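Both of the next two complexes hold chain A, though its partner changes from chain B to chain C.
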Partner chain A sequence: MVESVLRATLLGLQLGMTLALIAAGLTLIFGMLDVINFAHGALYMLGAYFGTVIAGQFGSFWLALLLAPLMVGLVGAAIEILSLRPLYDRNPLYHILLTFGIAIMIQGAIIQIWGAQSRQIPIPDLLSGTVAVGPVNYPVYWLFVLGVSTVLIGIVWLAIERSDLGILMQASAHDTEMVSALGIDVSKVFTGVFVFGAILAGIAGVLLGGSRSVHPGMGFGIIIEAFIIVVIGGLGSFRGAVYAALLIGLVTAYGALIAPTLTELFLFIMMAIVLMAKPSGLFGATEAA
Partner chain B sequence: MSGKDVGSPHSHTTSRSSISRRTLLASGAAVGATTALGGCLGSEDNRLTVGFALPFTGTYALLGESIVAGFELFIEQQGGEINGREVEFVRRDTEAETSRGVDVTRELLLEARADAIVGPVSSAVAMAMIQPIQTESSAIWFNANAGDYRVTAEGCPEYHFRTSFNDWQTSAPLAEFVYEEVADNVCLAYADYAFGQNSKEFFKEAFEDLGGEVVEEVGAPLGTDDFSPYLGDIQGSGADAVYSFFAGDDAVNYVNAFSDFGLNEEMVQTGSGFMLANDTLPAQGESALGMYSLLHYTTTHDTERNREFVENYVEMYDETPNVYACQGYDSAQAFAGAVEETGGTDPDEMAESLVEMEFDSPRGEFEFDPETHEAIQNLYVREVVEADDGESVENEVVETLEDVEGPDWGCSHR
Partner chain C sequence: MSETPTAGQQAAVEELIAVDSINTYYGQSHILFDLSLSIDRGEIVALVGRNGAGKTTTLRSIMGLTAPADGTITKSGDPIQGLEPYEIRKRGISWVPEERRVFGGLTVEENLRLAANTGEGDQSDEFGEIYDRFPRLDERRGQKSGTMSGGEQQMLAIARALLGPETDILLLDEPSEGLAPQIVDDVAEIIRDLNEESDVTILLVEQNAEMALELADHAYVLENGRIVHDSPATDLLEDREAMESYLGVK
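Right after this comes the complex of A and B.
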C-alpha cells in the first residue's frame, strides 16, 4: 500500500511538472496574445517526433533534447508570424479555427512523413535502469524527467516574476498600446512568447517521448488535459497553470489506483466545479486582469 | 449504361454523390474515379467487385491500408483477374465508428454491388454489419480483422468467414504453454474494453482448467499513457508470470513501463500477439526481449511460403507485411477460391464451397470450420529475441500449436 501511494505520488509529480511545461506555454500565449492555441498539442507532438528523428539519426538523446525543442520553436515562429499575426484584431473564433486547422495539418503531415506507427525516443544508458526510492524501485529516466521539468518550471517562474523581460511580457499583455508608445516593438514580444511556449512544449515532447509511445494521436490527447489545467488554474495565469498541473497530475495518478476508468471523468468534474465556483479559475482573477 | 444497370439510373446518381470528400482524400482521387466509373457502368456483368469496409482514417488507418495492400497483392499475382474476370475495388471508410458500419455496408452492397465485403477492423462495426449483409444476401463476407467471438456467437451469420482470428484463438491456447513452460500462477493485466476483457476471461478459464492459479487481475483503461500505478498492483500480486492483453500504443507504453520498472526481471511476461507485433516492436525495442506471445501469423516465421510472401510484399510496397496484410491476402485467396470453385458469385454457393477448401497461407495452411466459419489454423507461440542486425528485436516461433479448433459458439445446430 505504501509502495503504491509512493509510486503514484512520484508519477503524479512527474506528470504534473511535464504537463505544466505544456500548460505554461498555453496559458502564457493566452495571457499575452489573447489567443487560444489549439495547435499547442501538435507542437508538443512535433517535439517528440523531431526527438525520435534526431535521436535515431545521431544516436544521441541529449542532442535530441537540445535541438528538437529549438526546431519546434522555429515552427512556432513561422505559425505566429505567418498566420496568427494578421488575425490578432479579429474575433477569437478566428484564432480557434486557425490554430485548430494548423493542428490538423501538423498531424496529417506527421502521418504522411513518418506513418501512423508508434515510435519511441531511445533513452541513454546513463538514464536506464531503476533506482531505489524508499521502498520502491523507480525508473531513473522518470526521475530525470521529474527533475528536468521541475528545474525548468522554476527558471521560467523566476524569469516571469523577476527579470526585465518577464516584466516586459507582463506589461505588453496588460497594456499593449502603452508599451508600444514607449518605443518597444510589441509584435516582437508576441513572437517571442509564442516561440517560448512552443519550445517548452517541444521539451515536454522529447521528455515524455522517452517514456511514452510517440504516435500521431498524442497531440490531441494532451491538449485536452492542458486545457483542463489552464481552465482550472485560470486562463493566462502562469502560477495557476503550475498548481493546476500538479493537481491534475496527482489526481490522474491516484485515480488510477482507486478507479482507473473514472479518472478522466474526475478531471472534467473538477473543471466543472471550478468553473461554477470561480469562473476565472483558481488564480485567474489576480493575474489575468 | 447497359446490361445490369438498365432501369436503375438511381444507382448512377447516388454512387457518385456517395464518394465523400473524405474518401477522396483518404484513398486518393484515382480510386475515387474508379469508383465513380464503376457506379456509372453499373459494374459490367463480367467484373468482380470487392468492397472494402475498413478504416482509412484515424487510429486504425494503418490496419485498413495493410488489409487492402495484402488483398491487392494476391489479386495482382493473379494478373488482376479471378477466373478470367477483372477485379475492381471499392473502398468505404468505416472510420472505425459503429454508426458507420450499417451505412458503409449498404453503400457497398446496394450501390457498388459488391460481390465480396472485406472488413472491418473493429468488432463493434462488425456487429453492425451482420444485419445488412444477412438481409441483402448478395455478397460473401470476409472478416479480415474484427476478432470479437460474438460476431460469430450472435446468430452464426452464414456469409461471414473470419479470415483473421477471434479473441479466443489469440488467448486461451497460450494457457497450456504458460502452465507447462513458465509458471503455474499468473497475474492478468488487460486493456479494459470488450476485446481485452474477453481475452483475459478466455485465458483465465483455460489456465484454471489446467490447474493454474490466477492471483490477481489488473485492468487499465484503453489509451493509458502511464502504467506505473497498474504495475504496482501487478508486482504486488507476487505472481511468477503475467498474461496481458494490450495492443497498439497501449502495448508500447505497457511493455516499456514494465521493463523500465524492472518487472521483467521478477516475472515472465506473456500475452496476446498483438502486444508484441510488427507495429509495436520497433517502439518497444529491448524492453520486449524474452516476452512470449501467441498469434496466428509472424512476419519472421521461417517457412518457404512465408518467405515468398514477404519478398513479394516487400517488392510491391517496400515495407514488410504485418499480420493484417496477411489477413487481407488470405481474404483475397478465399474469395478467389470460392469464385473459381463455384464459377460465379452466388453467396450461398460460395459459402458452401468455402467450408470445403483448404488454403495455403503464409501463416500456414488453414480451413474454415463448417459450423462457425472461424479459421482452423496454426497458432504460434513466439519469443522476442534480438534480430540478426544486433539492433532491433523480432519474434521467433518457439512452439507451433497445430490446427487449433475453438469453441463452437453454439453454431453446431447449423
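Right after this comes the complex of A and C.
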C-alpha cells in the first residue's frame, strides 16, 4: 500500500511538472497575446518527433534534448510571425480556427513524413534502469524527467517574477498599449513569448518521448489536459498553471490507483468544481486593474 | 531661415509639433475633423473642451495609438504619422494616459525600470534624478503601484513617461482627474517645474480648464472634434463669455 502510494506520488509529480511545461506556454500565450493556441499540443508533438529524428540520426539523447526544442522554437516563430501576427486585431474565433488548422497541418505532415506507427526516443544508459526510492524501485529516467522539469519550471518562475524580461511580460499582459507607448516594440515581445512557449512544449515532448510512445495523436491528446490545467489555474496565470498541473498530475496518478478507467472523468469533475467555486480559476485575473 | 537669430528668438520660434488637418476615426465614427494645431518648443499648451470633444483622441493621434486617416503630424519637421507608438516614443514624444494606467501588479521600481530599459545605455543617473524629483516614489519603491493613491499613481505615470528615451514633449491626459484639490496643486507644480527646469514641452488635456489655463502659455478649445478657439491662455481665461460658452465655466 505505502509502496503504491509513494510510486503514484512520484509519478503524479513527474506528470504534473511535465504538464506544467506545456501549460505554462499555453497560459502565457493566452495571457499576453489573447490567443488560444490550439497548435500548442502539435508543438509538443513536434518536439518529440524532432527528438526521435535527432536521437536516431546522431545516437545522442542529449543532443535531441538540446536541439529539438530549439527547432520547435523556430517553427513557433514562423507560426507567430507569418500567420498569427496579421490576425491579432481580429475576433478570437480567427485565432482558434487558425491554430486549430495549424495543429491539423502539423499532424498531417508528421503522418506523411514519419508514418502513423509509434516510435520512441531511446534513452541513454546513464538514465536507464531503476533506483530505490525508499521501498520503491523507480525508473531513473522518470526521476530525471521530474528533476529537469522542476528545475526548468523554477527558473521560469524566477525569471517571470524577477527579471527585466519577466517584468516586461507581466506589463504587456496587463496593458499592451501602454507598454508600446513607453517605447517597446510589443510585437517582438509577442514573438518572444510564443517562441518561449513553443520551446517549453518542445522540451516536454522530448522528455516524455523517452518514456511514452511518440505517435501522431499525442498532440491532440495532451492539449485537452493542458487546457483543463490552464482553466483551473486561471487563464493567463503562470503560477496557477503550475499548481493546477501538479494537482492534475497527482489526481491522475492517484486516480489510476483507485479507478484507472475513470481518471479522465476525475479531471473534468475537478474542472467543473473549480469553475463553479471560482469561475476565473484558482489564480485568474484577481489583480487586474 | 533668418540670419543669426538670437538664442531667445530661436527658442521662441522652433515648432516642435505640427498637426496639420488630421481626420481620425474610431471604426466608423469620425472623431477629429481637419484638426490642426502647433506647439513650439518650451511651451505649455492647454487643450480644453467638454467631454467627448476629442481631446483624448487628439493625444492618441499624435502618439500613434489611433492613427489619423489623413493629414500630417510632424515632430521637429519630420513626419511621424503612421509610425508605431514605440517609434514615436523614441522620437521624444511621451504620453501620460487618462487614468494613469500604471502596471498595478508591479512595484513602483519595476514600473520605472520597465520604462528606463527602453532608453540607451546606463539609466542609473536618470533613476536618481527621478527619485530626487519624486521623493514619494523613492519612499515607495517596493510597493505594488496598484495599491497607491491616485496622486501617487499620477506621479508614477509622469515619472515613467520621463524615463527611457529623452522626452521633448509630454502629452498629459487629464492629470487632475479624480484627485483632491491639494493634490491637484501638487500635480500642477510638477508640470510647471518640468517645463521650467527641465525644458519639457507640455501638451495638457484637461477637464479642469481653469487649472490648465493658469499653467498654459497657449490654449486651444476643442468642440465636436474641431478647434473652435486658439489664443494665448490668459486671453481665454479672461474672456468670461468664451469660457462660459465653450467650457461651461461661469
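In this section, the second predicted complex is superposed on the first by the 286 of 289 C-alpha atoms of A that agree within 3 Å, B and C clash if a C-alpha of one lies under 4 Å from a C-alpha of the other, contacts with A are read in each partner's own complex, and residues count from 1 in each chain.
Just so we're on the same page, a residue touches a chain if its C-beta (ideal position, glycine included) is under 8 Å from a C-beta of that chain, and two chains touch if they have at least 3 such contacts.
Worth saying up front: this structure is predicted, and the values here are computed from it rather than measured.
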First, second, both or neither for A:86, with chain B first and chain C second
neither
Identify the partner contact of A:257: answer first if only chain B is touched, second if only chain C is, both if each is, neither if none is.
first
Tell me the contact category for A:56 with respect to chain B and chain C: first, second, both or neither.
neither
Is A:212 touching anything from chain B or chain C once the two structures are fitted on A? First, second, both or neither.
first
Touched partner set for A:164, first chain B, second chain C, both or neither:
second
Which partner, chain B or chain C, is in contact with more residues of chain A?
B
Figure out whether A:134 sits in contact with chain B (first) or chain C (second), or with both, or with neither.
neither
Should A:181 be classified as contacting the first partner (chain B), the second (chain C), both, or neither?
second
Chain C - residues contacting chain A, complex
63, 65, 84-86, 89-90, 94-95, 97, 101, 103-106, 110-111, 113-115, 117-119, 146, 160-161, 164-165
If you look only at chain A, which of its residues touch chain B in the complex?
3-4, 7-8, 10-11, 15, 111, 115-120, 122, 128-130, 136-139, 141-142, 211-215, 217, 221, 252-253, 256-257, 260-261, 263-264
Touch list for chain B against partner chain A, complex
59, 61-62, 192, 219-221, 223-226, 228-233, 236, 248-249, 252-253, 256-257, 260-262, 279-280, 282-285
Give the list of chain A residues in touch with chain C in this complex.
164, 167-168, 170-171, 174-175, 177-186, 287-289
